[in-house]
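Each chain carries a letter (A, B, C, D and E) given by its place in the written order, and its residues are counted from 1.
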Amino acid sequence: MKDIVDQSAQFALSTILIPLLPLLGFTINAFFGKHLSKTLSGALATLSVAVSFILSLTIFFAAQNDGFSAFSVEVFEWITAGALRIPMEFYIDQLTVMFMLIITGVGSLIHLYSMGYMHDDEGHNRFFAYLNLFVFFMLLLVMGANYLITFIGWEGVGLCSYLLIGFWYKNQEYNNAAKKAFIMNRIGDLGFLLGMFLIFQNFGSLTFTEVFSKAGNYDLNDGMIVAITLLLFVGATGKSAQLPLFTWLPDAMAGPTPVSALIHAATMVTAGIYLVVRSNILFSLAPDTQHVILIVGLATAIFGAIIGLRQNDIKKVLAYSTVSQLGYMFIALGLGAYSAAFFHVMTHAFFKALLFLGAGSVIHAMSGEQDIRRMGGLWKYIKVTGITFIIGTIAISGIPPLAGFFSKDEILANAFAHSPLIWGLAVGGSMLTAFYMFRLFFLTFCGEFRGTEEQKHHLHESPATITIPLIVLAVLSIIGGFAGVPEVLGGSHWLNRFLAPVFADNEILSHSAHHLDHNLEIMLMCISVAAAVIMITIAYVVYVSKSVRPADDQHQPGGFAKLIANKFYVDELYNAIIVKPVMFLSNALYNFVEVYIIDGFVNLLGKGAVGGSRVLRLAQSGNIGFYFFAITISILVIILINTLS
Amino acid sequence: MLTSSLILIPLIGAALGLLAKGNNSKIVALLVALVNLVLTGILISQFNPAGGVQFEQNCSWIPSLGVNYHVGIDGISILMVLLANIAGPLIILSQFNRDIERAHIYNALILFMQAAMIGVFVSLDGFLYYIFWELALIPIFFLMLGWGGPNRQAVTLKFFLYTLAGSLFMLVGFVLLYVNSGGAGFDHSVLVGLQLDETTQRIIFGLLFIAFAIKMPIFPFHSWQPGAYTEAPTQGTMLLSGVMLKMGIYSVFRWILPIVPDAVSYFSTLIIVLSVIGIIYGSWIAIRQKDLKTLFAFASFAHVGLIAAGLFTNNAQGLQGALIQSLVHGINAIGLFYCADIIQNRLGDRLVDGKGGIRLIAPAFATLFIIVLFGTVALPLTNGFVGEFLLLAGIADYSIVLSGVAGLTVILCAVYMLRSYQYVMLGENSRSVSFTFPDLVLSEKITLIIIAALVIFIGVYPDPILKLTEPAVLQLLEQINA
Amino acid sequence: MSNTLIFALLSTLSIFSALMVIFSRNAMYSVLYLVICFFTIAGHYVILNAHFLAIVHIIVYAGAIMVLFLYTIMMLNLNRESEPHKPMLLKLASVVTGGGLFLVLISSLKTANQISPVADNGMGTVQSVGKVLFTDYVFPFEITSVLFISAMVGAVVLAKKDVVQ
Amino acid sequence: MNEFVGGQVPFDWYLYLSLVLFAIGVAGVLMRRNAIVMFMSVELMLNSVNLILVSYSSYTGKLSGMVFVFFVMVVAAAEVAVGLALLVSIYRNIRSVDIEELKNLKW
Amino acid sequence: MNALILISLLGISVLFAGIFNLKNKSIYLAVLGLIGALGLNCMAWGTDTLYYNDMVHFDNFALAFSSLMIVTTGLILLLGFHFYRNNEDSSADLFALMLFALVGGICLVSYNHLAVLFIGIEILSIPLYILAGSNRNKLASNEAGMKYFLMGAFTSGFLLMGIALVFVATGTFHLNEITQAISAGVENEGILMVGILLILSGFLFKVAAVPFHFWAPDVYEGSPTLVTGFMATIVKTAAFAGLYRLFQGSFASFEGVWYDALWVITALTLLAGNITALYQTGIKRLLAYSSISHAGYMMLAILALNTEAAGAIFFYSIAYSISTIAAFAILIAIVDLKGTDTLDSIRGLARRKPLLGFALAVTFLSLAGIPPMAGFIAKYFLFKTAIEMNLIWIVIVAVISSIIGAYYYLRVIAMMYQKEGDDVNEMTFGTAFLSVIAIAVAGTLVVGLFPEQLLSILK
């Protein structure tokens, strides 16, 4: 106990500083950014995140010690309402530490990258302000000691995502994308909120430790737990772009590329995974929910991969790839392989950030061109980018010993333990991944340059601020996987051990841990690697040897290909069944219900009174004879009634 | 005495302002409002949340009707008083750079209105309360008539009559309470102590609540609202949506919950359902509104629906949420309507369509606008979130399904707010070449900055405010469930 | 029996003349019938032992009021059948309403009044009536002067011609 | 002193007679449009009341009824004076005493 | 009692003043006399005396109501300076007639004998018939006078028949004796019932309750505005006090007979008066309908008939009277300024004459019953009185009609505060005229804010 106190005292300051520094960076950039030079504001922003990273590292190293245990730091009381007491409190355990490292680490790299990438943009300081704000919220999300603080971060990153997607606000298309992202996220957020309410009702608290310590009182598949977890999962689908709420993510590529890298690949979209992992005790109690997660994850993984096959926008390909990879993470979650999911989050953060930044570098080199049909042969112009890009591509395709292989393989192994069918589908998805990623690579870097002369003339390697992050990330993509080398390959799976305390209280998990036969496991690895290699070969044959080029927009093929190229018409479907009816109903409610029924009724009362007046005043005919009759008959009636009664 | 001076100072200020001419009247009004704000600050600093009713003043007024001049402040009214006093200076400041015809009368009416509304919030005698309640209608009536939009006459009359209709029923309700008290008077403590039977409670509930339902308004009593908000001069709209409708919410706290608790539990489902319908209905309609003011009016209606639902959840979250959200909604509504006004002031109309590109040339305005907007959208760490979260939590405690439906507001609100912001502010202007949009002048900037600061401050650190109200709310809950 | 006969005779005459008042087309005839009616009522007063009242009645009504009527009719030259023919419906409605009122009143009075006449004590004489009028009723009597003076002033105000400037 | 001739018939008969006259008066007001005849009908109504008062007084010996009749006469006289003055005033303006013409004030 | 005598003499003095060609100056005399009468009333305050063989009963009730009517008359007379500035010739006569009518009114609030009631009503009415028709050259005035007279005389017949029947049933005209007789049980309840109903009808005619109200709009519209103001205030006050005296005092125990009828009539009056007013385009006629509806409110107190009813009626009369005086004074001003009284004509008037606009706003808000004006407290007091007697439903009707009523009052205000509008005639109003408006408006506010003294006066 003393230990814990010591830790929280020891790290209290850094714990608070870690999110606060980016916030400070945001404040400075937001208020004084205009008066700072571009380099200074970028440097400040980068520095704030980098310092956070260093602070996180100190905690990380401390967490390596056996004596380390999770601790909380309360900053101030935030909400008090009856039984509901929510402090602004941070909770640091191994999971948080890992996320903090990813966020601040990848984050500072991307900040650095942005200094180069956004150098010529007039909204430079604004960009860094938003980016810092995002890091702040993301840290809040993972550091929160209760669901509500997590939710603050959750919505906060949504805000930043909105601001950054619509960063170039002159373009209404971008604004639409930003709005769409925000709204779709909010759909998920509502699920999260409701989940929280149920948690509060049932556990009387929103603080993680309290909730999880009471979870043991519930039976497996208790209806309430299933409801809670399903609602939380709805939140996760929104944020992590799972079916059916994934369509915002490809659109989100409207934002500047570093944003796509940081927010829409490495960090924010993994918030859903964080939430599930964090609540692993609850999820483990609800196998029904896990099934749902599994199915959704699987469907998303394959769906995203299929769509990725025929995208021609370099960032869109990566976006669908992200959707698909997130699907894998959810498969892992659905299987109860929480640490595998996190493992993939980590490696994905490395290689996807790398890929996006590489794509950014390409776009930078191509003067803003994003269509891979107009690229090709870039290898010789932008070597560093090319090399790092291919590393990323290999990593994502699951070729050992790069990072993607280990994390994906762990998921696949878990899937096979659960059901070979799922494994089969997952491998299928990963084959598609290998194919479209290499398609992307080949189309971009190999063959002839297909752009305009002007673009060709302008082709150049990016500055150091851009390439350094690329290189660092490439290195990470190569070595990142070694954090979790499975036993079968002679590793000790450091990550699993490190994260073990997070799942220590999850009794169900410890009972259901799978143990595949080592040979079988190796065989499975071989199959998946072989499949990936086959797909790479096919891609090479098609796009390099045969130099097939994707058709222009005017000459799209029909049939299934067209369906894929048009992303299965999901957007159109949503537009038809949700957006249009909502808009129609909005008009109808106003023009019909509001005007004619509700207001109409009120006005009718008024009109009725005036109409009554119009009629009644006619009685006042001015004819005295009538008046006499009225008086006489009234008297007559009054007396008559009294007589009769 | 402090409490009474909060009412008196604006009244005296109104009289002084009438004597001043032109711009001087604005300054006088602002100073008076600021004095009142300072007083409120002093009051809050001396306020003891657990101390029940404080700063009381009780003297006889119309003994033969059992009416006393009884004012005081407790945890429930303090936020409302605060709101009214924050709103006052903001509203007066908001027209500093505008050429308003007969500004001295305009400002006097605003101050008069402020005084009446503070009176509503601090009255602890039912009759006194009613007088202030109605009194508040008079200045806004003239504000709307004298300075409103083209369709003002019809709209003003409708608004006035609609609310008057409600309040007359409320009057009957109060008389019934008085009669049931055996002529002991209208004092809040007396009325709270009444042991009314079920039927009487229901009748009184119905009579009182109809007034509050219209004022808030709750679906389907809202149809006066969009028109009134649209046609009123901006400061009038701010008063209406910022403070006046809180009178309805506050009144439920003060005059319904503790007095007819059995009826509350009897009607709560109905009212929560109606409120929730209102939330969805209002939000939904707001999506396609063309006039910014109308849009914000429906938005306000939807938000208040949430507050209303929270009022009847009979738990601390709902009630606390309702209180803080009242404060917050007031601030945000003032901000939003002010933004609409600034746009109208620059471009001559408030239509959502045919605009765009403002952010490009007026970044300060755009930034402040979006902060207020996000406050309304209830983004965490903005002021809107705390209340909305507590309210939804309260409703969830009542019924998770209803909470889910009510929660659609977080989605729909994002839809209409972002949509309108996008078309008005973002993109490139679709207007003629001579499109100009001067950025904020000093007074506008100060107003909006204060609002934006409040949006963020309350969002980040709401606890002091919650602490102000918590003991009172808990005590109220005890009373209800006793 | 003969007394009943007198009553019946007077009553018939009263009712007949009253009917003629309202049915005569010529206002002049109406006035004359009304005079007859007043006389029959005076007759009733006489048999009711209100002799003084009967005389006052004749003086005031037949003597003053009816003369005023006649005077006005003549002054305004109304003694011809100038009144346009009224629709039958109106007449019918009037008669029905009047009759209805009568029936309702009668039926409402319900039970018959068994008032036995008190022994005659010389009431209705100038002396007895005068005594009551000037003692018990002195206030109404005095205040009546206000009524009269206002009627007088009023008549003057209304009927006088404007002063030609 | 004098034989109470009237007392031979039941009081109700006087009541009924009065009511008949009253009803005729009312019917007259309703039926006629000549202002003068309407005045006369009103007089008829007042007289019927007088008849009740007098007969009741006679039957019960309560003199106040008879005294009341004086006041009724006074009022009747005053009313007639004012009424006719009004009539003259109107006649000057419209050359008619037909009440039907008086419907400029309406609605 | 002394006040009554003084006012009678005052009326005659004013007549003489007319003879001596004092014209409008006779107002000074009249007002001084009225102040004296008021003083006499104040001196008599607290005494409870029956005069002249129990013919009249001057208790606090009578004193309070007569004082109110004296003040009202005084204020209306002061308006005469301006109103009769062009036809001064007969103005003294008209003022005298008003004073005579006031005498009738005082009889009506203090009678203790049906003869005084009858004479009082006639003394009140006959000068008013004349006053209504006093603008000889205007057909509208003639018509108003004639209509008022014919219908008044006709209903007097019913009232008289009612008195006679009550006499037949109880054998007396004295209120106290009637009370005793009724509580002892009368032989023939049918006769009493018809009698009471007929008397009620007579009163209802005077207060212009539906369906006996038909005269009111026509007569109010046609009469000279000053007279209309007088009618609207004095007649209503006096008739209600008279009604209350009779029904609370004598007929209360016979409640079953008249109660239902009165209930229905009250509801009809409330609704019909207000609804019909909605469509009016002339302010004067609008005020006529408004006065009908106000009668409806006051009838609530008659229905309640508890200990507070007298106070409620009294207070309502005060509030109504001062507001109505102000309203008619303003109406006179409007007609002088614009030449007509249509709603359209006052468009934008408040911009040109802000004080007049303020006065009208206060007045009409008071009539609409909006706090903090006197009209609100008055209405509230009535509602309270009624609810205390469990008359919830009729109060609900009253509330609904108040809402309807508020519409037309506010519409007038709204019209006046329009931005556009025509210019106004040049016109100077005398000090007396303006001070009457000022007094009435101030009174409306002061009585609304500090009603205690007046509320408790009749406890």
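Observations
What we mean here is this: contacts are C-beta pairs under 8 Å (C-beta built on N, C-alpha and C of every residue); 3 or more make two chains touch, one makes a residue touch a chain.
These numbers were taken from a predicted model, which means no experiment stands behind them.
Here the chain-to-chain distance from chain A to chain D, counted in touching steps, is 1.
Separation of chain B from chain E in touch steps, taking the shortest path, is 1.
Note on interfaces D-E and C-E: more C-beta pairs are in contact across D-E. Chain closest to the overall centre, judged by the mean of its C-alpha atoms against the mean of all protein C-alpha atoms: B. Mean C-alpha position of chain A lies 102 Å from that of chain C. In whole angstrom, the spacing between the mean C-alpha positions of chain B and chain D is 66.
Distance between chain centres (mean CA atoms), chain A to chain B: 37 Å. Chain C and chain D have Cα centroids separated by 5 Å.
Annotation for chain C: residues touching 2 or more other chains are 90, 93, 97-98, 101, 105, 108-109, 113, 136-137, 140, 144, 147, 150-151, 154-155, 158.
Multi-chain contact residues, meaning those touching two or more other chains, occur in chain B at positions 161.
In chain D, the positions touching at least two other chains are 15, 22, 25-26, 29-30, 33, 39, 56, 60, 64, 67, 71, 74-75, 78-79, 82, 85-87, 89, 99, 102-107. Touching pairs of chains, sorted by label, consist of A-B, A-C, A-D, A-E, B-E, C-D, C-E, D-E.
By the touch criterion stated above, chain D contacts chain A in their complex at residues 26, 29-30, 33, 99-100, 102-107. The touching residues of chain E, counted against chain D in their complex, run 114-115, 118-119, 122, 126, 129-130, 133, 136-137, 139-140, 142-147, 149-150, 153-154, 156-157, 160-161, 163-165, 167-168, 171-173, 217-219, 221-222, 279, 285.
On the chain C side of its complex with chain E, the touching residues are 105, 108-111, 113, 135-140, 143-144, 146-147, 149-151, 153-158, 160, 162-163.
For chain C in complex with chain D, the touching residues are 3-4, 6-7, 11, 14-15, 18-19, 21-22, 24, 27, 30-31, 34, 37-38, 41, 44-51, 53, 56-57, 60-61, 64-65, 68-69, 72-73, 75-76, 78, 83-84, 86, 90-91, 93-95, 97-99, 101-102, 105-106, 109, 112-118, 120-124, 128-129, 132-133, 136-137, 140, 144, 147-148, 150-152, 154-155, 158-159. The part of chain B that touches chain A in the complex is made up of residues 158, 161-162, 220, 222-224, 281, 284-289, 315-317, 320-321, 356-357, 359-360, 374, 379-381, 385-386, 389-390, 392-393, 396-397, 400, 403-404, 407-408, 410-411, 414-415, 418-419, 422, 426-428, 461-463, 466-467, 470, 473-474, 477.
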